[in-house]
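Down below is the structure, laid out as structure tokens.
A, B, C and D are the chain letters, set down in written order, and residue numbers restart from 1 in every chain.
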Amino acid sequence: MTIKLNKLTKRFGSLTAVDAIDLDVGDGEVLCLLGPSGCGKTTTLRMVAGLEAATEGDVMLGGKRVNELAPRQRNVAMSFQFYALYPSLSVADNLAYPLHAEKLSGAEIEKRVAQVAKTLQLESILKRTPSQLAEGEKQRVAVGRSIIRDPQCFLFDEPLSRLDVQLREEMRGEIKEVLQDLSRPTVIVTHDQLEALTMADRIAVMRDGRIEQVDTPHNVFQSPSNLFVAGFIGTPQMNLIPATLKGSNGDGLADFAFEGEQSLKIKVDPAVSKLSPGAKVTLGIRPRNLEMSVEPTEDSLSTKIDMVEPMGAETLAHMHDGYHDLRLVTDWRVPLSEGDLMHTRFPPDTTHIFTEDEQVLRSAP
Amino acid sequence: MKRINLMSTLMGVTILGAGLSGSPAMSADVTITMAAPDWPPTRFMKEHFDQTYTSPDGHTTTLDMDFIPWPSFYERVAASLTSGEQKYQMIVTDSQWLGAFVEGGYYMNLTDKINQDPELTAIMQDLHPALVSAYSTYPHRTRAQLEEAGEVPAPGVNYYGFPQFPDTYVTFYREDIFCNEGEMAAFQEQYGTNLPCSYEDWQDTDWTKWGQIGEFFQRDAGEMLAGEELTEPFYGIAYQAGKGYDFSTMQVNAFIWQQGGDIWDESKAPEAQAEGVVNSDVSVAAFDEYLSYLQYMPPVAQTGQMDIFVIQDLYMQGKVGAIIDWVGLGEPVLDPSASTVHDKSAFGPAPGTRQADGSIDRTGNIGGQPFVLTTWNSDEVVNEALNVVKWWLNPETQLAAVANGGQSGLMSVMAMPEYNDLRPWNRAHVEMIDWQKDVWHIPEFFEMLTQQQEEFDKAITGQQSAKEALDNVAAFQQELLEDIGFIE
Amino acid sequence: MARKHREIGKAGWGYTAVASVVGLIYFFPVLWIILTAFKTRTDALAVPPKLFFTPTFENFTSVFYRASITTGSSQATDMGLYFFNSIFIAFTSVGLALIVGTIAAYAFSRYPLKGNDTYLFIILTTRMMPPIVVIIPIFLMFRLSGLAGSYWGIILLYTAFNIPFSVWLVKSFFDELNPEIEDAARMDGATERRVFFNFCIPQVLAGLSATFVFGLILTWNEFLFALLLTGVETRTVPVAMARTLGGEVGVDYGLLAAIVTLFLIPIFFVTFLLQNQLLRGVTFGTVKK
Amino acid sequence: MADTASTKGGFGAWLLDPKRRGALLVTPAILILFVMNIFPLLWSFGLSFFNYKASSQRVPRFKGLDNYGDVLTDEKVWERFQTTAIIVSSSVLLQLIVGFLLALLFAKAFPMRRIVLMLVLTPMMLSFVSVGVFFKLFYEPTFGVVSYVLNMFTSEPFVMLGSPQGAIIGIVIADAWMWSPFVMLLVLAGLVSVPKYLYEAAEIDRASKWRTFRTITFPYIKSLLLLAVLFRTIETFKLFDIVYIITEGGPGSSTETIAVYLYRTAFQFFKTSQSSALAYFVLFIVIVLTNLYLYSVNRRAEEVN
């Protein structure tokens, strides 16, 4: 079983919601569609489910083009953002609902419901109606309803968005666990990167109807392929500093000049040598990668601390050099106070360089 | 005279003798508000009043007619009177309403005025006695009782109303088919008697022939009628058989009276009975005869909805050969924009029951409306209203009214040579008016009428026999009238 | 070639065609009435019934003019005045009921009285009584107060008829609002008046429109009270319409149809404009998204 | 107590005290209702204990509950109630079915829906009188378009109003035609309020059309339907004009509703007091219905919350 999207496009009048995207989801793979609201991720999911007709391109399920099939004919399981629990039915009936189409015996249905209820710890609430459930319970029922049968694929639309932080963490784990046991392609739509990073085998980051990058959570985080992904993934946000390349050697040691007086000589990806001196670039470095130094060095910027936010185990500092804002995260034991002058070093190989067209500059692996 | 009864005031009835009464000699502005149904005879009265009336007392008089749509007329008037609105000085009224509104204290007793005023006395003497009986007397006195008295106004009789539009029912028929030679010959051959074509023929037409006409002319689509092929079914006859208001009673009463039966006779209360009279064998036979002709009438007869307007429409649209309907509904028949038979129609007296001596009894139930004065007016207004009465019942005014589609109750006007030619139905009307009697006038008339119409309707629609219907009517009337003391 | 599958809840022109056929069948009696307005009496009663005929505008002329009995000249029927009266009386009384009802509804919703529900129930009960019963007392009351035949009389009466409906409907809309927003506004120093006009009213505008349309539909054709309580000057169209129901002939179908057709236009238009609100308002505000 | 008010700044201040705000705001509505509605109602309630006849000058006598006794033992009243019940139940049932089907038709969004919907809404805007007059014409066996069409299939002329059953059917059709749009609006509101994602979920779950209707659609419109039933029942109970115009209660008394009978008693027979008693009896029944109605409204509110 696989999902394959081929130049899939959806237009609403003049608005292009999904713009010729290609995507493969393998058997047993969990793929997260991640992006800000309005990026087309939900529309993509609904086109896979058949709830939305594709304007162009193909939706392939198990190698078969299914564009013309109604949702019921595609045999997909989907969990909705608002859970879509049937308000008049009990939890048990909600869970059993998708089984009626399979013409199972009453006993078989009961067995399956009991099984799913056990997996998701719903046994005690089987008789309740949705209006009597807590959010987390609703969520579990919604998940239960999608996993109770054996579909071609699983689709989740913002599965955790309505839960509070603690429940969300809990459910992330539960869903991940459940999904691992079902070897079916799964697509999860979310705008929450933590959700995507923790649950997905691969993440597809979307913006304005396009897929910006598809990769493992690790790679999306460590090697964003463009400025958007770099800025979108990771909290606190990656520092992105406009700079001008002054020169570089073949090893990736490069000179950058910033607005204002300061400049920086750091080791970056060797591909930087492809740029000619004077090129406008954006330097990106995650706040956790910045290091503090007592003395100014050639690979450091001098800044002043504006604000200190303790975050428990770590401390977040907002700094600026008169032209750029910088964020730095460090261990909570490091004493920082507002007004301090400090020097932040850019350690080798943790700085990403984005060219003027916003793409990352990286030598092929 | 001021009579205020605290209880009745609270209950919604207030009888207030009117407040101000100025000197009758002084000229003043007088407004007479008159409740009138919205139709040509009253519209004429208003227009003609504006054009011709001058007050003999030198008043500046306005006749403010409140034209109320016919179908709502009764409700409007009844609500106004019973709530004590005291809005109207004069009211056009159905003769049957007299009892209820006289007993309610709303209609003014004009007996003294008539006695004191020679002009009014003269008018009453000139009015046809059948009309005086029906339109004016309460408690109701029959024409015979009035004529017995030998003088007008008769002693011991109370007078209330004057004719606004005296109405009778006559036969409307299609001259083109009734005078068609082929049809006439065929009819003669089939029944051994002539198909009525001229007015004189209709004078000799009884119910038996009416039935024969119905049978003769009942034709299906595709058959021939007067030399032309019919595209739709055609029917010979129609008369009223409707559940609404009095739309069967008026015709049924004719059959009952003509055959020697009677309705409960209020002029003979409290001796007159309902039980045994209303449902006498004669009455049952008469009602049965009435019912027997319905089979020849258009299918709407089976619904009990065949009222005076439905038969008029059926006739005007050429679906039926002859109908019996009110003279007051005659004008549209001659109107090309409403009637397909406007140039083919003639009028004759309504058929009747042939008596042993060969004559025909045409006794019918009078229609039309009188108008009355109300009780709460100042002397000045009453006097001026009576001036209006005199103006209206002046031969000149009456002749103008007839020329404009009205009818007159004055014998002197009806006797004028030009009268019969003013409208094509006038001759029949004059002939018929002599035969008129009226239904009850007591306050409970509506209860009696409604129950009777309901029972008649059940017989018309085949839910019960004539006997059952009249038995039910008689039983109901007997109980009701005993309850209220009209039968001892 | 597989057909493109339809998305749920959306349909195309084919569906429009089907719905239009059903709609037209349902509309047929109204269509027949409208056609009759353009027919002569003979055409109106023609057998077989005529769908195609030479239209006449005489009925529409007759709505406003009639021939004099004596001179044959044309007289105005005052129908223009009756149309004005109908529109003026209906809109004013429904509007008034809406204003008074909205204020009361706000109070019932935000400042419940002791026995709030009892009051509300009594208010509703007044709508349930067969009108015939109260006619005589109202009639007498109108006479005593001099309201009979005046605009104010009938307007106040219709207002009273519409108040129960307005209070109930509008209250349910107020109940739906989140009172926290109002409290927040009060914290920020807004006066009660400002809270009402700037926060509450704008949020229930849709509900108010629906209430207005419903009140209008229920008031527009009222006959019995209009017959008894209006005078010559304040008569409304439904009363004047009755003159076509019988007199010298039976029902004047063409004239009746012409009046009905003309009388349909204003309310049809208002309903069309406020259609979306109607859909929402009729749920009595209890249906939330 | 006047003193305490004046110390705080007079009557105006007393009146504007926030404690009284609710009462103050409700006053105009209650006042108008009292003068125009409640007072006349009480008046006729008082009348119902006398033997008052509007057409008589006799001083009314107190009769206590006699009028109520008369009404309850009057065979005709029960017969009329029976007729009313038949007409009301069949008309409301028909309105429900037709209104429901129309609502299903219009629940989908389609091009020009606003305009097509107006075709269906129009009957509600006509007057009872014109609906009565034209339906009577449609049924008329000679001139009526309905009769004309049906005559093509029968050898005998079709006479709708000739039998009690036919007359009831005729009235029910006219009334149901006029008010089905009202039911449609209610049901439509219920249908529109069903979240679309439930249908999508059912589609994903491959539920049959019938199951979808039973488990999703119907629960959402159930209480609205009940609401429609009660509201229409209350209104149809008062049905007068259409009956009076189409059949006058005939044939015989087979279509005479309680409203028609009430009209006759009050306005034609002038049994003013007795008609008040009858009206209050009707009101009692209507109040029972109203309570059911309110119960359903409240349940609806609870369900949605």
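Going forward, a contact is a pair of C-beta atoms (placed from the backbone, for glycine too) under 8 Å apart; a residue touches a chain by one contact, two chains touch by 3 or more.
As the structure is a computational prediction, the values presented were derived from the model and not from experiment.
K.L.:
Going chain by chain, each one touching the next, work out the least steps from chain A to chain B.
P.N.:
2
K.L.:
Most remote chain relative to chain D, going by C-alpha centroids?
P.N.:
Chain A.
K.L.:
Going by the contact definition up top, give me the pair of chains with the most C-beta pairs touching.
P.N.:
C-D
K.L.:
Centroid from C-alpha atoms only, then distance chain A to chain C, rounded to Å. What do you get?
P.N.:
56
K.L.:
Just give me the whole-number Å value for how far the CA centre of chain B lies from that of chain C.
P.N.:
Using C-alpha averages as centres, the distance is 40 Å.
K.L.:
Please list all residues of chain C that touch 2 or more other chains.
P.N.:
Within chain C, the residues that touch at least two other chains are 8, 45, 47, 135-137, 241-242, 245, 251.
K.L.:
Touching two or more other chains, which residues of chain B qualify?
P.N.:
12, 75, 79, 82-83, 310, 313, 317, 319
K.L.:
Quick check: what residues of chain D touch more than one other chain, meaning two or more?
P.N.:
Correct list: 54, 142-143, 195, 200, 203, 267, 272.
K.L.:
Which bits of chain B are touching chain C when the two form their complex?
P.N.:
12, 14, 37-40, 43-44, 47-48, 51, 66-67, 69-72, 75-76, 79-80, 82-87, 232, 307, 309-310, 312-313, 316-317, 319, 328-329, 331-332, 337-340, 400, 404-405
K.L.:
If you look only at chain C, which of its residues touch chain B in the complex?
P.N.:
Contact set of chain C toward chain B: 40-42, 45-47, 58, 68-71, 135-137, 139-140, 143, 148, 224, 227-228, 231-232, 239-251.
K.L.:
Report the residues of chain B in contact with chain D in the complex, numbered from low to high.
P.N.:
5, 7-8, 11-13, 15, 75, 78-79, 82-83, 100-101, 103-105, 233, 242-244, 298-300, 302-305, 310, 313-314, 317, 319, 443-444, 446-447, 450, 454-455, 457-458, 460-461, 463-464
K.L.:
For chain D, which residues are in contact with chain C within the complex?
P.N.:
21-26, 28-30, 32-33, 35-41, 43-44, 54, 102, 105-106, 108-114, 116-131, 133-135, 137-138, 142-145, 148, 177, 185-186, 188-190, 192-193, 195-196, 199-200, 203, 224, 227, 234, 237-238, 241, 259, 262-263, 266-267, 272, 275-276, 279-280, 282-283, 286-287, 290, 294, 297, 300-301, 304-305
K.L.:
Using the touch rule from the top, collect the residues of chain C that touch chain D in their complex.
P.N.:
8-13, 15-16, 18-20, 22-24, 26-27, 29-30, 32-33, 36, 45, 47-49, 100-101, 103-104, 106-108, 110-113, 119, 121-126, 128-138, 141, 156-157, 159-161, 163-164, 167, 192, 217, 220-221, 223, 238, 241-242, 245, 251, 253, 256-257, 260, 263-264, 267-268, 271-272, 275, 278-280, 282-284, 286-289
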